[in-house]
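Given below, in the form of structure tokens, are the structures.
There are two complexes below, and they share subunit A, which is joined by subunit B in the first and by subunit C in the second.
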Partner chain A sequence: MVETGIPKLDDFLDGGIPKGKSLVYYIQPGVEGEIFGMQTIHSTLKSGGTAIFVVSSTIPDIVKGQFKEYGWDIDPYKDKLFFVDSYNPLIGAPSNEKYVVQKPDNINDFNKIILDIIKETPPGTIVFGSLSTIMDLCGEKETIEAVKTWNKMAMVHDHVMVYNFTAWPYSRETLELIQGDLFNAVISIGGIAERVIFGQYFGVLKSDWAEITKKSMLFRVLRPGGVKLFIPKILVTGPFDAGKSTFVHALSTRAISVDRLGTTIAMDHGHVDYKGFSADIFGTPGQERFDPIIKLLSGESMGVFLVVDSTNPADFVRAKHMLEITKSYGLPYVVVANKQDSSGALKPEEIRNQFNLPQDVPVVPVVAKDKIGVFEAFEILIDKITGGA
Partner chain B sequence: MSDYTTGIIELDTAIGGIKKGSNIMLIGPPMSGKEAILNHILYYGAAKNENAVITVTTRESAANVLEWFQQNKLILPMSKIGIVDCVTKTLGGTAVENDNIKIASSPVDLTGIGVKISQFFEDFFMKKNIRKIQLHINSLSTILMYSNIQTVFRFLHVFTGRIKAAGAMGIYVIESGMHDEQAIATLKQLFDGMIEIKSENDKNLLRAVGLSSKPTPWFEYEIQGANVKILGVK
Partner chain C sequence: MSDTIELVDKLLADLKNIGGVEACIAASRDGLLIRATMEKEQLMDSLSAMSATMLGAAETAITQAEKGVPNRVIVESEHGKLVVVGAGSKALLIVLAAPNAGLGLILLELEKSAKKLKDILT
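So, the complex of A and B:
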């Protein structure tokens, strides 16, 4: 099994890509999808595997620089990572790589080199940086026939085959084959567009070894960092003095608060980067006169933390009211039972009873000032937003 | 006045401005001043019409593109400028991205170029709330040197569609005489009109076709520094 290295995708694929299988990253033009193949290479190397990268649309040295930009040091893997250079010959430049496709517009040249690699190198991960570029140069039908052979041979020799493919408007037949029978798994990488693309997501379109979860994950590409899952906005609300700002700051890698005399009057803003998830956190003020802000902020949120002071049951009525404001938008939520270290703090189950919360609403014990339980609460909410996958 | 203009007043008056969603081919022989005309449209679009302008440059580095404006003492509103540099990395230069410059790995890397264009669109449209965007590609001829016509056609098919969807304007520079006529005819299907340039008896002439009910007359022009000066109608 080779892990793709893409957060959540390996869970969707029951752990990764089994040996002998092929996977295509099917990328909508304009979406940052080619990094997926690179991240899979990095993941292979990190776990001690061998990787081959077929570079078609730029010189291998630039690709090596891109690995660095993503913060992935490939220098220790010199004897584990090999490049197939099919770009330099295209522009008439010499190549220093071990494998060079002398005529990148001739599929037979590709065939010979790829088949040699499949037969002669120990089982590893072979990643094509851009199958679409090969197709552009060698022809659609010719390339598809070659891919069929490569996948078949890879199965015999236990290699994992990974292809980046940009779905330009090729013939319908070609696109259907790529989405259909040509590969064991198809990962769709698309853009959320309304006049312009403003969000990117991936999801499993097909997999013949894992059950398909019909779920799309939003992502961003960070330099350094690579593909990170992205939750646009999470709301933190709760009564006055429950510890919302402390919670936002405890969770965030960077955060600011708009406050006066120590209490939040507009909002807290933070950014979390944790276990492959990236999220913007917005904290609301607790006082009733600022309630319109909660409505305003929760409209675009994807989930809510309701922070309560576990020692102050008197405020639970107010908390419930705030919860109702956000719940009316149908957002998933988690109750953060803060100040668990204070004397007289109610236990999570007691809070559940007082709130009369259904069993499926998580109540997480937290001491925000000491960062205890904050990341657990975050993980639980993310699970709820993504449907617990 | 329309959302989009060339800034060449006589030409704009003749065509009555350019409609949103238009894709225009700027075609002419080498050394006829296409670059200056494109820069003029860029400056006019960003500084006067307050549009965002995304330029894909395949021949000059982004630094060179910006230097031209400095040399000509034209101050660009940088928050409205985006350049996709397809040159610097190929030449082995150290290229650092910033708010104004994104680096594509080579002119062959149409996927990468497409990603950078989309990112600028998102920046301008969603983050900066600028709804009028111009996309200039300088030039398709260089891209065609590395990729075949079908490949470039597919790329343009996607991006001319996006220009329409976003209500933007696209301008694509092509060298005349460098490609066979069939290639030009194939690409023409994707465009709403063209700005045509020719040289005759040492005179530079330009006209617009397809942007108004009939072609404009040929205008004789001269490049004076950064200015495109119309000398008269042929």
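So, the complex of A and C:
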């Protein structure tokens, strides 16, 4: 099993790509998809495997620079990572790589080198930086025939084959074949401009070893960092003095607040980088006089933390009301039972009863000022947002 | 989708070409970054959120005083200026300008760009 290194995708694939299987990243033009193959290489190297990167659309030195940009040090893996250079010969430049495709516009040349690698190197991960570029140079039909052979041979020799493929307007048969029978798994990577957020997502289109989840995940590419799952907005709301700002600050890598006299008057904004997730947190003010602003800012949330003061059950009515104001019903939400360290704090189960909360709404005990329980709450909410897969 | 992004990027780039303008951001009314001319995405994120809050608060304040809807919010400080205008019901535009920048032309162009952005996003 080789992990793709893409957060959540490995869960979707029941742990990663089994030996002998092939996977294609099917990328819509204009989306930053090429990094997926690179991230899988990095993941292979990190777990001690051997990786071969077939570079077709730029010189290997630039690719090495890109690894650095993403914060992945490949220097220690000199004897584990090899490049197949099929770009330098194209522009007539000399190549320093171990493998060089002398005639990149001739599929037979590719065939010979790839098959040699498959037969001679120990089982590892072979990643094609851009299958579409090979296709442009060698022809659609010819390339597909070659890929069929490579995948078959890789199966025999226990290699994992990974291809980046940009879905330019090729012939229908070609595109259907690539989405269909040619590979064991297809990960589609696309973009959306729905509503106003421009996002990029990935989802499993096909996989013949893991059950397919219909879920698509939003992502963004960070330098350094690579592919991170992206949650544009998580709302933190709750009554006055429940500890919302403290919670936002405890959770965030960076956060800012607009405070006067110790209470939030406009909002808190924080950014969380945690376990492959990149999320932006919006905290609302608690007092009723700010309700008009809360309404304005709560749109497009993907999930909600409802922060309550566990020592103050009188405020629970207001807390429920705030869920209504933020139009949060229907969104995944987690109740953050804050101030658990104070005397008289109600236990999470007591809060559930007082609140009349359904069983599937988690109540998480938290002491926000000491950062106790905040990341547990975050993980639980993320799990709910991403479908708990 | 890449077309829409290109259009927004072009619009922001044009706006940034005006003398004195240092950065432009398109954001959603509820505070999410759409696109920006500046690289520092992290700074842009919170700036988008805060600008949306300001415009939202200004809107509530002036409407409740029965003085109509605000045309824009302008913040002036020793080191620069910040202007926020609404662009349709979904988006807003934010401009950061140098302290000595003349606001006349900027506001005029900002108004035009806001209309364009509104059209692009519908």
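The definition used in the following text is that the second predicted complex is superposed on the first by the 381 of 389 C-alpha atoms of A that agree within 3 Å, B and C clash if a C-alpha of one lies under 4 Å from a C-alpha of the other, contacts with A are read in each partner's own complex, and residues count from 1 in each chain.
We take it that a residue touches a chain if its C-beta (ideal position, glycine included) is under 8 Å from a C-beta of that chain, and two chains touch if they have at least 3 such contacts.
Remember, predicted model here, so these are calculated numbers, not experimental data.
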Combined model on subunit A where subunit B meets subunit C, clash or fit: clash
Partner chain in contact with A:G30 - subunit B first, subunit C second, else both or neither: both
Which superposed partner A:T133 touches (first subunit B, second subunit C, both, neither): first
Partner chain(s) touched by A:I91 [first = subunit B, second = subunit C, both, neither]: first
Contacts of A:G191 with subunit B and subunit C, given as first, second, both or neither: both
Partner chain in contact with A:K233 - subunit B first, subunit C second, else both or neither: second
Partner chain(s) touched by A:A314 [first = subunit B, second = subunit C, both, neither]: neither
Partner chain(s) touched by A:S298 [first = subunit B, second = subunit C, both, neither]: second
Touching both subunit B and subunit C, residues of subunit A: 29-30, 191, 193, 195-198
List of subunit A residues in touch with subunit B within their complex: 27, 29-34, 56-59, 61-63, 66, 87, 90-91, 130, 132-133, 136-137, 166, 168-170, 191, 193, 195-198
List of subunit A residues in touch with subunit C within their complex: 29-30, 191-193, 195-198, 232-233, 254, 256, 258, 266-267, 269, 271, 280, 282, 292-293, 296-300
Of all residues in subunit B, those that touch subunit A in their complex: 89-90, 92, 105-106, 108-112, 114-115, 117-119, 121-122, 125-126, 146-148, 150-151, 154-155, 157-159, 162, 165-167
Touching residues (chain side subunit C, partner subunit A) in the complex: 1-2, 4-5, 28-32, 34-35, 42, 45-46, 49-50, 52-54, 56-57, 59-60, 90-91, 121
